[in-house]
Amino acid sequence: MQIGVIGSEVCPEKFRDVAEEVGRRIAENGAILICGGLGGVMESAARGAKKAGGTTIGILPGFDRYEANKYIDIAIVTGMSHARNVIVVRSSDALIAVAGSYGTLSEIALGLKMKKPVIVVKGCPWEIKGVIVAEDAEDAVKLAIENIKSSQQRLDPSA
Amino acid sequence: MQIGVIGSEVCPEKFRDVAEEVGRRIAENGAILICGGLGGVMESAARGAKKAGGTTIGILPGFDRYEANKYIDIAIVTGMSHARNVIVVRSSDALIAVAGSYGTLSEIALGLKMKKPVIVVKGCPWEIKGVIVAEDAEDAVKLAIENIKSSQQRLDPSA
Amino acid sequence: MQIGVIGSEVCPEKFRDVAEEVGRRIAENGAILICGGLGGVMESAARGAKKAGGTTIGILPGFDRYEANKYIDIAIVTGMSHARNVIVVRSSDALIAVAGSYGTLSEIALGLKMKKPVIVVKGCPWEIKGVIVAEDAEDAVKLAIENIKSSQQRLDPSA
Amino acid sequence: MQIGVIGSEVCPEKFRDVAEEVGRRIAENGAILICGGLGGVMESAARGAKKAGGTTIGILPGFDRYEANKYIDIAIVTGMSHARNVIVVRSSDALIAVAGSYGTLSEIALGLKMKKPVIVVKGCPWEIKGVIVAEDAEDAVKLAIENIKSSQQRLDPSA
């Protein structure tokens, strides 16, 4: 499983622990963390995943591998600015949004367009039609995994 | 001026005339119409622009120039699927949204992220924080042009 | 018809007239000029097309419409750096290369990969297998148009 | 280190072992293997890396994670067709080409444009100006690593 964590580059303090716990729980469930590779929510989530021994992928907007935060194992360097948001979304089996501004909203919208499960942790300003609202980090990762499994079951007639 | 018109590929009937009028008024104001090049709102807007003798650009998601609707003068073929949304937004000095689903929301969010004027015609489901709501097609194009001019003035110290 | 002109951003002096003549002849044949929108070969070709009253499209690598050279009518702003090369190639029915360095070679290779006619004007360092070598600007545009027509005929069983 | 392996989707039989050995030696040297994620050279190289316990990244052109070959650990799904070539190149500290057709040539050209070390194993048809020719798989990986190290030294004044 590859789970994407999306959220703003400057993470409001009260969401830092949430983002870190989301990352940690993704790793504890054996899933790979996909994110945009920069600071804020992306960095907190990646830190959480690394503390739990997980694998972290940063899909970077710029030209340089070294713009990735220090918790990123593998840097994908796109040089495509916001178009990398599309790749973050497409590469994730489910998305979890923590806080977030307009960039995050573009990813939520793309996730819904591509019919991916989009989980939004309470407090994110974008509780729009189609998203699944989670109470907290634990709930968010649980919902992400449940939704990935049920969508895979729908695809597999033998299940 | 390059003005982008965004909205769903299947245009609800009551918005067809709105989209067409938006296109017509863009052309009458001497601006170039940018859109995603496919059907629905994109096609109605392009038809309106062509009726008024304007120029229409379609930035296509697929691989084939001939997927453009018949009112497109110049087809930009990206082969990049939803990542072409980023190019529609970046190439526009202002955006006007008519109706629209999640794809349109991703473009509205990217427009706001890039600090472009984003005009939303009443009835579009995405009247989110940051957009400018227009009463109708005439109002939308007027607001787009006013906002482009005032943002250009801010950039030009001699004005 | 949309014909792409590719070549280096710094055009060796002896190729400036060639690039301008290629642009002029594209316009005289009623085709639209597609290019990367910057300086060098792209600017010379666009200047030629405008002198002959043609239409010029610049598919820009950066973030700003105003990085286009002054002969560009319509600026497509990708913000995707070299990935815009793919869009230049895909949007062109045929490609004409004048001089050119590694960026041009990447476009020649992509053009051949997509089975487009790729015309290379003598003196371009990349006379590789699969390209069609032209003696001069006149020959290049003639070969481009002939090859576009014959590939369209192959697609049209009624022809 | 992230080393990219590029080459055709249908690998000529005599290059299969070369590609596999390149992958294996990349992993044995503790580097991550980046590739396009599909069959042919990409699959042979990824198989080699996995046999040696390495990590493999596939940057896919299409829309589906499951188009990756079975030796890919992490699938980056771009939905951008050939534009993903740019991402393969940008994400690699050095590139090694085995056999390869026009797609591979576009990657070699982009690598040289971005001033990356581009190693070409003898027998690849694109021994163009600027590439470093390697005798065999062992030599290729050795040259890739040496060149990465020396380019990093140039960037680090304390070295």
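The letters A, B, C and D name the chains in turn, as written, and every chain counts its residues from 1.
Going forward, a contact is a pair of C-beta atoms (placed from the backbone, for glycine too) under 8 Å apart; a residue touches a chain by one contact, two chains touch by 3 or more.
Values in this document were obtained by computation on a predicted structure and should not be read as measured data.
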(request) Please give the intersection of the contact partners of chain C with those of chain D. (result) A, B
(message) How big is the rotation, 0 to 180°, that puts the C-alpha atoms of chain A on those of chain D, in steps of 5?
(response) 180
(message) When contacts are scored as defined above, which chain pair ends up with more C-beta pairs, B-D or B-C?
(response) B-C
(request) Could you put a whole-Å number on the gap between the CA centroids of chain B and chain C? (result) 27
(request) Averaged over CA atoms, how far is the centre of chain B from the centre of chain D? Could you give it in whole Å? (result) 40
(request) Mark out which residues of chain D touch at least two other chains, giving numbers and ranges. (result) 63, 79-83, 86-87
(message) With touch defined as at the start, can you tell me which chain C residues reach chain B in the complex?
(response) 2, 32, 55, 57, 59, 63, 65, 74-80, 86-87, 90-91, 93
(request) Name, in rising order, each residue of chain B that touches chain D in their complex. (result) 63, 79-83
(message) Help me check something: in the complex, which residues belonging to chain D touch chain C?
(response) 80-83, 85-87, 101-103, 105-106, 109-110, 112-114, 125, 128-130
